[in-house]
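By written order: A, B, C and D. Residues from 1 in each chain.
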Amino acid sequence: MNTIGTLLKLTTAGESHGPALVGILDGIPAGHTVDTERIALEMQRRRPGSSIGSTRREPDEVRILSGLLNNVTLGTPIAFIIDNTDARSADYNNMQQLWRPGHADFTYQAKYGLRDVRGGGRSSARETAVRVAAGAIALQILEKHGITISAYTHSIGTVALDDKYTFAPDDDVYANPVRCPHHATAERMETLLRQARSEGDTLGGTVSCIVRGVPTGLGEPLYGKLQSTLASAMMSINAARGFEFGDGFDAASMYGSQSIDAFRLTSDGRVGFTANHNGGILGGISTGADITMRVAFKPIATMMRPLPSLGPDGSEAVLQPKGRHDVSAVPRAVPVVRAMAALCVLDAIMIAKARKL
Amino acid sequence: MNTIGTLLKLTTAGESHGPALVGILDGIPAGHTVDTERIALEMQRRRPGSSIGSTRREPDEVRILSGLLNNVTLGTPIAFIIDNTDARSADYNNMQQLWRPGHADFTYQAKYGLRDVRGGGRSSARETAVRVAAGAIALQILEKHGITISAYTHSIGTVALDDKYTFAPDDDVYANPVRCPHHATAERMETLLRQARSEGDTLGGTVSCIVRGVPTGLGEPLYGKLQSTLASAMMSINAARGFEFGDGFDAASMYGSQSIDAFRLTSDGRVGFTANHNGGILGGISTGADITMRVAFKPIATMMRPLPSLGPDGSEAVLQPKGRHDVSAVPRAVPVVRAMAALCVLDAIMIAKARKL
Amino acid sequence: MNTIGTLLKLTTAGESHGPALVGILDGIPAGHTVDTERIALEMQRRRPGSSIGSTRREPDEVRILSGLLNNVTLGTPIAFIIDNTDARSADYNNMQQLWRPGHADFTYQAKYGLRDVRGGGRSSARETAVRVAAGAIALQILEKHGITISAYTHSIGTVALDDKYTFAPDDDVYANPVRCPHHATAERMETLLRQARSEGDTLGGTVSCIVRGVPTGLGEPLYGKLQSTLASAMMSINAARGFEFGDGFDAASMYGSQSIDAFRLTSDGRVGFTANHNGGILGGISTGADITMRVAFKPIATMMRPLPSLGPDGSEAVLQPKGRHDVSAVPRAVPVVRAMAALCVLDAIMIAKARKL
Amino acid sequence: MNTIGTLLKLTTAGESHGPALVGILDGIPAGHTVDTERIALEMQRRRPGSSIGSTRREPDEVRILSGLLNNVTLGTPIAFIIDNTDARSADYNNMQQLWRPGHADFTYQAKYGLRDVRGGGRSSARETAVRVAAGAIALQILEKHGITISAYTHSIGTVALDDKYTFAPDDDVYANPVRCPHHATAERMETLLRQARSEGDTLGGTVSCIVRGVPTGLGEPLYGKLQSTLASAMMSINAARGFEFGDGFDAASMYGSQSIDAFRLTSDGRVGFTANHNGGILGGISTGADITMRVAFKPIATMMRPLPSLGPDGSEAVLQPKGRHDVSAVPRAVPVVRAMAALCVLDAIMIAKARKL
């Protein structure tokens, strides 16, 4: 089940330390010019080392093998490859017989009877590179429809953006390595990350995402509700532990009278809302207001400290991690969340269009 | 898109005040005896009036039209009907020209160009009756495989179960109308609900769900991860605003060193864990530990107080709700969450089995 | 797997002698008026007794339970029920322990471990009533787009329409009980059917189908080619043994120079063809020419003569069919073929539309 | 829609003269050793030049990029690439403005608004190389389950195998370039092909396929009937115009009494049949008898003779084909038919297994 989407389908393949990652993005409408520089930019934003806390360096060049002619989409599937050029498998040798706590080593072994121990194999977050590349194509087509998507770090550990903070379209997410658009908060996050690294520890956090310019009518009740496809997509990202939209979990402790999105007529005579507690979705269908959501990520499980573990034979041992590991998954998850949102929204636009007959 | 599932598919149809709700549950394996009393019991638990805060009373009898012979599953699709016998459409007359804030009235109108105004039509939570009936069948087959699923109210408004509370298999969820297994907390929730009702207000809350006896190996990475299908299913429930599993959003503010599920050998020589921060899922695959998750619900949008609204012609008006409305969606959502979990887990078992060749 | 379609999905349920057949047609666009008389007309055309060779008589009334408001589609799933009012199960008693040759009795038993012996249960052609009802809705929406679909009996046994015969839009398929639009041929078919019945024998045949007014661009290469979805749909009809489009199997014995569809400009300046060997489809995509196809049906396996058989315990016995059985499946398959074509084409229109962004 | 399959999914991408073809085969069970020599052998059998009538020569090396570790399947998707090393695009220059009759040039232009004119782009039969590679993996796993699949040329033009011919397991399909296992018939086919080539003409034909060792119970009624998935798969092959199984179209002209597959007990006490008119499938489910089917292919549309055509601007012109073109698609379609059968049957095994709970 390495395919996501209904009419716009992304299929991915590839192990972390195999020859390459492969993606096939099927369903992109024909006739759209794709700016490959934009793909490269998104890849750079996801790359280890460009955000705080990681060291693996790969150019992550996306080689497109099909679906484009002179950079124009043909309507046929777009296949692309990202080579794994910097795989240092030797670093992982001492883990080969041991399952890392909090990783998929044990479950892959249990499910498949064998696993690629090198860098987590298929379960590695390296796979998200494919998502970012595909999302970068979807984002370009969405922009032509007036839709923009932003994602940014909302919190790292206990350091979070103030509730009063509102993301503005020109806020620069990528000005700092933690991907937090509020300068002072970003500095506090960086301090916290450095402290955790010095202690061999890791941190969780949250990523916020906002979709602007969405038309009304996206989402297919009852089981293709927009929040269902978004939740499914976001929960497929490595280390994701929660998804919410609108007021999300905060709504659970609220009164109805505190969370009213009353209707109002906008100055140009359209239907608008006095607030956006429902995050731009009602009954599974977009209202036209901004879609707001948040994804929670757990701390990265691999820490630079010895951990008790087991091997396939049940033998106990101490795992002493080496290799390259991020302190937090959050900064690098930012472009991934954005990419997944782009794929979901473009798919929803196509499906909604199909039903207007 | 009124179908959910991969090999086990539930398709539902029906408007709130139409003649009936219809469900087709396809993919249930052959040869299993279905206890229809168990279905009736689950239906009763979801029924308005059996939990606190609602008044619509319908027998919600599930009439099975296919797929069973002498109560044994044939392997063919199980179709069933739940008649809408107590639809009092007249109560909704004054809303017919107005969109209720926080409901799907506007988005259905925007997407489809028309809508069934009676009781919310297709967007009504009445549809969840079909899910509960289908889930009651899945639950019975899961039990034969040693899998049990429990759901219960974790919080209503600001009243929540203590963090130290742990659900025990024999805790009785249905002993009280708020569906909270902790007696003292349940009483506080009831008090809060009564207060809100007296003020014409409503309340949000959360539902916890725990799946016990799960084998390792369920879930299909990367886009059919167990948490992805669960999240998608839960987010399709009316008023759901968030989903989390394991430590969920709490994980986001934690250090890695605070959230270690170290391996240990169980007394019978199997692989176990010293904790369950990851909620029974690693890399999208079940670990064999209990699957724990939580769903957040917003307050019900319809309150017994006047609300400003708009009609399809853009005219402003004041909406004065009548009819029957719950104070909180949470107690009645409890069996729905359980049902959706049952459908997802049974589907996952079937898919995982398919790949063992 | 009782669902067919991508965006327009039909899910069916029901055993031949259970309480009812059930269909859910999901994805029909909103805002279309449905003429229920048209549904009743198609049901009558499929009904036993209305064509030659069968005696089971049921009103086959289609009760719509959802998805319509004042006969206008809501965009929500259309659920409907067809009661089994004339199930005479007693007729089938002597077959209960025996597998009928050429029927699904043995394979259902082998696959599911049990089966509903009454009237073939789920494997009965009675299920096609649901398809005809759903198709009758799709046909109405297609007509609004200028698309008409005709199906007719091309051959019964060795009696076939002349190769020079071309179906004209106003040819009346339903003027005679064999559903053959050519009067003289129809009479020969009727004679053949009567002769076979008198001998307790049965006959195969073929049904032709033509879709007119199709726009270019329907069909999704490479695995959603229009002929693939049509073939899959047609081969799901009971007793179907072959599918072809355009020149079909005849093309296999031809030279390329005999089968050229050269381009030509039509009088109104559009692209046309000098012939239609390719049956309106090239590369899996509709050309705009008529889509022509044919489905082969085997003779009905149940004959009014004793047949050697086996029972589940391996005991040999002689099967003496009673009950009601058609002499040929072909006349009643005509509206079924038409219905399946309608569902496929409407689905293809919706998908093609989605990709025009 | 470049994905086929339910649990075993093949996704393909690539234009004929782009850098490479790409395939992702997802769902292959873990722990199976893959013999890459077997893949190479199948690729060689499909290759132009190895059968009669074509000249394009490419090594068609399959480079596997994921899903295998030391040639053992990981349970993760198997991605592979086949480079287009011998693309002589210049040969196609004169066709760039003209649509070739009988090809997808016009329909791709009409659907997508643009097309890759080089070698037919995505619509080229070159894509079938990916299918053969994927099928070669599926075939190996099927063999471990005792299932073998053979495909062979049944007819070329008017030269067909005698009705009395029965394929024997040790008949050598690949002993001659027309892929016909009967020596004398093969020689007549070769003669016919040479004659057609000398006249600049092309020929249609049929491919037979037989699946041996199939267990009972494969296929998912009603819309996942085994013949439906097979028909859909076969009709997706370039130039396919018809599909039949068992007696197929011949059944249409038969009496029921001529086509009885009576039950019998085999010498080892299992259920067998006195004949196999139903081609190993009853009610959409495999009987355990050999699955027999046939696919009809039209003559290749591109002939070495001038043809009237049109360009996108509606201008008329004469098309003078150059480049490399097969005289008949049939010999090279043989391994493709076999590959598609393998993918369908393995998928069906997995689905059937899932439902045995």
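Rule of thumb we're sticking to: contacts are C-beta pairs under 8 Å (C-beta built on N, C-alpha and C of every residue); 3 or more make two chains touch, one makes a residue touch a chain.
Since the model is a prediction, treat every value here as computed from it, not as a measurement.
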item: Between A-D and A-C, the pair with more C-beta contacts; value: A-D
item: Most remote chain, CA-based centroid, reference being subunit C; value: A
item: Length of the line joining the C-alpha centres of subunit C and subunit D, rounded to whole Å; value: 26
item: Geometric centre distance via CA averages, subunit C-subunit A, whole Å; value: 46
item: Distance from the mean Cα position of subunit D to that of subunit A, given in whole angstrom; value: 39
item: Set of subunit A residues in contact with two or more other chains; value: 1-3, 12, 27, 30, 75-76, 108, 111, 122, 221, 351
item: Interfacial residue positions of subunit C with respect to subunit D in the complex; value: 1-4, 6, 12, 99, 101-104, 106-108, 110-111, 122-123, 127, 155, 157-158, 160, 196, 201-206, 216-217, 219-225, 227-236, 240-249, 251-265, 269, 271, 277-279, 281-288, 296-303, 305, 307-310, 314, 316, 351-352
item: Of subunit C, residues touching subunit A in the complex; value: 7, 27, 29-30, 75-76, 141, 145, 221, 349-351, 353-357
item: Subunit B residues touching subunit C - in the complex, by the definition given at the top; value: 1-3, 9, 11-15, 18-22, 24, 26-27, 30-31, 63, 65-67, 69, 72, 74-79, 81, 108, 111-116, 121-122
